[in-house]
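Okay, so chain A shows up in both of these, paired with chain B first and chain C after.
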Partner chain A sequence: MAAANRPLSPHLQVYRPQITSIISILHRITGVALAGGTLLFTYWLTSAAYGAEAFERSQALLGSWFGLLVLCGFTFSLYFHFANGIRHLFWDVGQGFEMETVRRTGWMVAIFSVVATIVTWIFFCPWLGGA
Partner chain B sequence: MEMQSHLARARGLGSTKHGVGHWWAQRLTAVALIPLSLWAVASAISLGGADYATYHAWISELGNLVLMLCFVTALFHHAQLGMQVVIEDYVHGETAKVTLLIATKFIAIIGAFSCIVAALKVALSG
Partner chain C sequence: MVEFTLPANSRPTKGTVHKAESGATNVRAFHVYRFDPDTGDNPRIDTFELDLDKCGPMVLDALIKIKNEVDATLTFRRSCREGVCGSCSFNIDGTNTIACTKPISEIKGDVKIYPLPHMPVIKDLVCDLNQPYAQYAAVEPWIKADTPPPNRERLQSEEERAKLDGMWECILCFCCQTSCPSYWWNGDRYMGPAVLLQANRWIQDSRDEATGDRLDELDDPFRLYRCHTIMNCSNTCPKNLNPGRAIGEIKEALAKRL
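Up next is the complex of A and B:
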């Protein structure tokens, strides 16, 4: 590669954060987090193949306060990546490219993922008598 | 002297018709994961705190087993495609990049097979 004195874009240190750029990088961050989450999922699913004791140990681990906290993070990541993924699919078919629409759908994704996470955990939180 | 036209030279060199393979697979798995991930969330909620017998009964239902295998397949395929893009974008050293790409693919394959075999083992056990 030639000497890397070429300008890079965007200059993050002078780049004003916008809903579009924040949502964009969060899509990657949540995606990487969820990819890591597949390994936790694998642990949970495979534990059942080792019998009742191993499965109930993994269930207890996920049901501990730390496990629930991690699951809460994954719930948000999944809802966010899910909603913004649908936003991406609309772009893929050429819809929703107007700047105003892009900003509005960006906010919709942010609000949906926060609200859906809260609703999920309020309704299904074990210590509130849910599932 | 160059005797070929630009078009003739380009033909067969590029990724013609294959370049969209990654893009298409990522979208296909994304579309599949829309219903599958909702099902997975609902299932996870219903299995919260469940004991082994409850899980065994759940995964033994044919519909749940099939959806679980579909979910796992789409999930790991989608995850490794996405990780590939992220690694290619941010890891610039060739050795580190290729090493991470290979590790990602291997981990995805091992994870997917582990999930599939584990789900089948419990579902098909008496």
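Up next is the complex of A and C:
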């Protein structure tokens, strides 16, 4: 049988998700989300410069349940990418490569970004009495 | 390139179920990836029910028992049965490891055994390792020195020798290589964790005089820098080595040189 017809062995289909790979793919996803979120942020600022009507429109959009959900994801992305970015900086100077440390710092990043997102939204969320 | 799904000819189908002999009390099911190159059929997952009371403790013992007693056509690589040859590396219970040192008792529920991920399959659990071997050859894994050899060994201090610990122990089973998503998507150009660990073994060797050339060869967006420190490699190494750290050391050596 020709080598070209050899099947490809299963990869994503069978490989167990683990703290190493999950944090890594989330780092990339949140990075992309931050790029998109920055565009959204720019839209909001530009709308303010455009005039009262445009600003009201953008406020309504971002203040809708969907807008708030997107902003909530933006906050999480910011915290996650920031915290995991610090983890990457340590690796760049040769620190934190022991598997025990990798697992611990991975969980620290995950827990920190969830908690920080919740705290931020409790603090700022309009219907919870925040600013 | 990133392709999340398997090509049509690679999707496994349901295979045969081999029931345990009657009267067996300690039964465990082993789901094993099978591919027969002579039929051209898609790969299938066969199920073998084994009586663990009549089986050795390791996953390799179970595979050998299947081959001896149930289905002699089951094909897999194995040799030393004690974790030094690196032949019996498979994807077992969702992560890559060598079957000879993986106790069945460590696995909860059914035991799933696949070939090393994202590799061309020759037959059953045997995959084509030509690509990683070629990459290994490309890092020229031997000592290169221009100074004429002395009349005795090339000496090293204890500190210099200690730098090689954690690298010389690698058995080239390619568990790490095929656990790396970056290697899955860019294996044709990215060297992969096993090969980069070997490269670092010579970069860090005080007796080697080709460090600059070796770094030149790796200073490439794909060969080295497709490593995104995912760390699946170090998480899966059956010898508890740390390819992720080795790659970090190469990046550091390059950064310090600039």
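Methods note: the second predicted complex is superposed on the first by the 121 of 131 C-alpha atoms of A that agree within 3 Å, B and C clash if a C-alpha of one lies under 4 Å from a C-alpha of the other, contacts with A are read in each partner's own complex, and residues count from 1 in each chain.
In this text, a residue touches a chain if its C-beta (ideal position, glycine included) is under 8 Å from a C-beta of that chain, and two chains touch if they have at least 3 such contacts.
Fair warning: this is a prediction, and the values are worked out from it, not measured in the lab.
A.B. asks: By the touch definition at the top of the document, which applies to A:Asp92: first (chain B), second (chain C), both, or neither?
C.D. replies: After superposition on chain A, A:Asp92 lies in contact with both partners, chain B and chain C.
A.B. asks: Which holds for A:Gln18: it touches chain B only (first), chain C only (second), both, or neither?
C.D. replies: It touches chain C, and chain B stays clear.
A.B. asks: Now for A:Leu45: first (chain B), second (chain C), both, or neither, which partner does it touch?
C.D. replies: It touches chain B, and chain C stays clear.
A.B. asks: Looking at A:Arg104 after the superposition, I want to know if it touches chain B, chain C, both of them or none. Which is it: first, second, both, neither?
C.D. replies: It touches nothing on chain B or chain C.
A.B. asks: In the overlaid three-chain picture, which partner chain does A:Pro7 touch, first (chain B) or second (chain C), both, or neither?
C.D. replies: After superposing on A, A:Pro7 lies in contact with chain C but is clear of chain B.
A.B. asks: Quick check on the output: what are the common chain A residues between the chain B footprint and the chain C footprint?
C.D. replies: 28, 88, 92
A.B. asks: Which of the residues in chain A end up touching chain B in this complex?
C.D. replies: Touching chain B: residues 28, 31-32, 34-35, 38-39, 41-42, 45-46, 48-49, 51-52, 55-56, 59, 63, 75, 78, 82, 85-86, 88-89, 92, 120, 124, 126, 131 of chain A.
A.B. asks: List the residues on chain B that touch chain A in their complex, please.
C.D. replies: Within the complex, chain B touches chain A at residues 27, 30-31, 33-34, 37-38, 41, 45-46, 48-53, 55-56, 59, 72, 75-76, 79-80, 82-83, 86, 107-108, 111, 114-115, 117-119, 121-122.
A.B. asks: So in the complex, which bits of chain C are touching chain A?
C.D. replies: 4, 6-7, 9-10, 12, 33, 35, 37-38, 40, 42-43, 91, 93-95, 112, 114-122, 127-128, 179, 181, 184, 228-232, 234-235, 242, 244-245, 248-249, 251-252, 255
A.B. asks: Per the contact definition, I'd like the list of chain A residues that touch chain C in the complex.
C.D. replies: 1, 3, 5-16, 18, 20-21, 24-25, 28, 88, 91-94, 97-99, 102
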